[in-house]
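Labels run A, B, C, D, E and F following the written order; every chain starts at residue 1.
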């Protein structure tokens, strides 16, 4: 594991020795799987109980049972984070989506201007909704929901699309508001 | 409890008979305390497991141990929701803040233009940060965090301010994107 | 009458003893009707002649003969002021509309996100136009006027809708630019 | 007087034969002075009483006693109308300011980007405030008022600056929302 | 030739004696034709080689063979520069368009709000595209290109429209970013 | 060379057999160097003379003598294109900058949110100016130029910074307005 010698956020966060066991448990799995602890799990350790509860929700939303594939959920993550210009989440979720799809070209399209991405019409409708939710949520109407239904999504799936888009409006604000830096390892992941 | 005869969101949601027991348990407490089930718990029942996990996180964030008072957390809720023009959350959290403070004048100030609200300088700094996080998160800098420290907030508390502001950027998007309507009862609550 | 001990605007305004008789006459009617002098009539007293002429125009526009009901004109006032985030006008005209309609629920809908307000389609068209006029006047087209005609408004009434919307773009700027504070009494008025 | 054969606004307005005498009186003075009736007085004739009352207020505000010169008031008119991209008011008030100043160069600077206009620092402060009032009124603070005082304006004059800027936020919306066309004669006026 | 005694941009630029012969040659033609050297050719002389290469491209684009008339290309120049509020380019290209068309009325319409300009439907489509390209290029779609085809433009001509609009997005940024002042002579040119 | 079987822009462009020799000459160098012809040179071939003149200017600006390194010029390209969300230019200039610097991490920082990029203060000032020029050119002031001087740039170099930033405001609009697709090869270039 690379030793981070420069700050990974603007807050003073606990060192690896100071975090409680519950947090260390959360670190174990990605450390084994990726070879490093994602910085989000380090910076969020400043509030261990919040981290656990957020992580439980986030994990089920992104990896639990759903009518959306994991890749589709990560597509939303990349596109919403790009709309919000969130450095941490663009970099880390671009890596995640590359790993899931093995398609760096698709990821680069989504992370620059998603309207150029070669995705199914059903997925394009999903991304259009996610971006509108991000940039102009107060002007959403029932027509936007109908467009998703016509594209083939069920109401449960529309709920999931909205939740995932909303989730990255949550994480993007934490990351951008508190100056989170992604692990350098992400850049080469999934290539 | 008033019987809602018109839709409370744009999705087809399960009727009271169809929700699983875990959801009904979530309904019990507010029903007893407020006399009605907040519509958020009805519409979110379309995805029971997500509701439970989100609710566990939300509940700890808003009512759990923190350097912020409950009223301060609800002040952020009102101000962020006003910035996002989220009908559901403005109405419901204005009610919550009236109940906590017994101060409808303060709530009306926060829900129209928070810069006119009579709050402590420390709270004003908190609200300024919450609004910047909401409207221009990608241009936040370390200076914004320092301003909170100078106003008297610890780093743990700054994390909580950011999390609460981020949380309403989550719920505002669900509510506005899916057409949630608040319970009519909220309007007179806390007056 | 409550004695205001803190400033009600950012300009140095004349005290009650210093205003000319014509201004005092303007104060008499609301004082009798509401039990207080609306702060707008105090702060505007810095320019007595302007106050009289503005008030004569405003009064006829809002309360004179028109194809719009007084409540409809106040609905425009609330919605335009919300779009402009004008603290003074949101608070005072929300009160006025509550008094006229006896419907605090409707007012709260209009003052948070008017698209959730339960109004007639004809009134919805009126509000859509008022908001477009407020936020993007330079992109209005003849099609917008036709939409009002199709909704059932005559050309004289369309003129009134435009004038009322324009009027609050006037008052909102005075109030927000000069730091006007509404009388505390407004918050409980009409409940 | 040139006969207008094409519509001068999107509403059906009364013909010259149909307007009441009070309106015709308003037409007489500019007809004598300019050689034509400004279209604003024709289109506003759809609501004769509103026209009279608005005109009385407008006339005193723009030409009555004030610490601002007439030219300074017209400078605000041009700059606010440019910020709002109001065709009618840019054209007609550019002409008015040319007549008052005999300086077409100054007018062209104000009507393209006022920060390039060669005006006194005191006037620049006046214009900065007028533009902020126009574009971001809800973020005005007491500091903006103080900047005007430091530039040499009294509180009565600051009220006048705010009123004039607000007035063109009124007229710009009427003109742009209802498709008013300025008289062709304006283009060559004052050159 | 009027002697400019005040700075015409924010950079220190070479005096007339210091510029190389290639630049002086560029100055000769407009000096003969207009009676003065356009300030763009003076300020750009800080980088003589760039000036020559840019000028060769610009000259062919604006005056070379094309399906667009020279006046149509200048119409785009005025409308794009107005959208970008570029003082230098509004003033200088308004003059150029007056000279080409002899129609100061048309120019004033284009320079205030082009939707009021009396132009052919084909030209209106051209200007709509130029403004969208200027203000929201990342949301352009193939539908925008089709609208130009339906209006009667060939694909070569659409390329020219896009190039001319793009060119003024180039020059507007140089002029506004570096504080270029147009020659005073432009104001009376073409009247 | 991969055969592009799907359209690379929204216009009908000449096939490889139809382009004049001058254009083919422009294709030869990158074909040899990169192994493919950048799509910009294919789509721009619809107007061969414009392509030649633009390319001559572009080439000197980006690769000619300058106080800016080639990498610094490409940094501006990436950051401006990201601000404009231009798919073609983000992808192609990210590749170019990776080749020049061998630093994919830096490029990913610049292409997501440049304020997180680890660059010299002098370069940060350069990028801040490029972004302001891109997003709010009409509010640039002499102070912005002074900030560049204080960061260590000469006036000639400031001209180059402005020109390069302006150039990508040109190309971004062509690419986004006409639907240019970058060559797939770019994604893996420079890794």
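Here is the rule we use: a residue touches a chain if its C-beta (ideal position, glycine included) is under 8 Å from a C-beta of that chain, and two chains touch if they have at least 3 such contacts.
The shown structure was predicted, so the numbers you read here are calculated from the model rather than taken from an experiment.
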Over half shared or under half: which fits the residue numbers at the contact of copies subunit A and subunit F, same or different? same
Hey, which chain ends up farthest from subunit D, C-alpha centres compared? A
Rounded Å distance, subunit D centre to subunit E centre (Cα mean): 29
Need the CA-centroid distance for the pair subunit E / subunit F, whole Å please. 22
Distance between chain centroids, defined by C-alpha means - subunit B, subunit F (Å): 44
Residues of subunit B that touch two or more other chains sit at 85-86, 113, 115, 138, 141, 176
Looking at the complex, which residues from subunit A come into contact with subunit F? 82, 85-87, 90-91, 104-105, 108-109, 111-113, 115-116, 176, 181, 184, 187-188, 191
Of all residues in subunit E, those that touch subunit F in their complex: 10-13, 46-47, 49-50, 53-54, 56-57, 60-61, 64-65, 84-86, 129, 132-134, 137-138, 140-142, 144-145, 155-156, 158-160, 162-163, 165-167, 169-174, 176-179
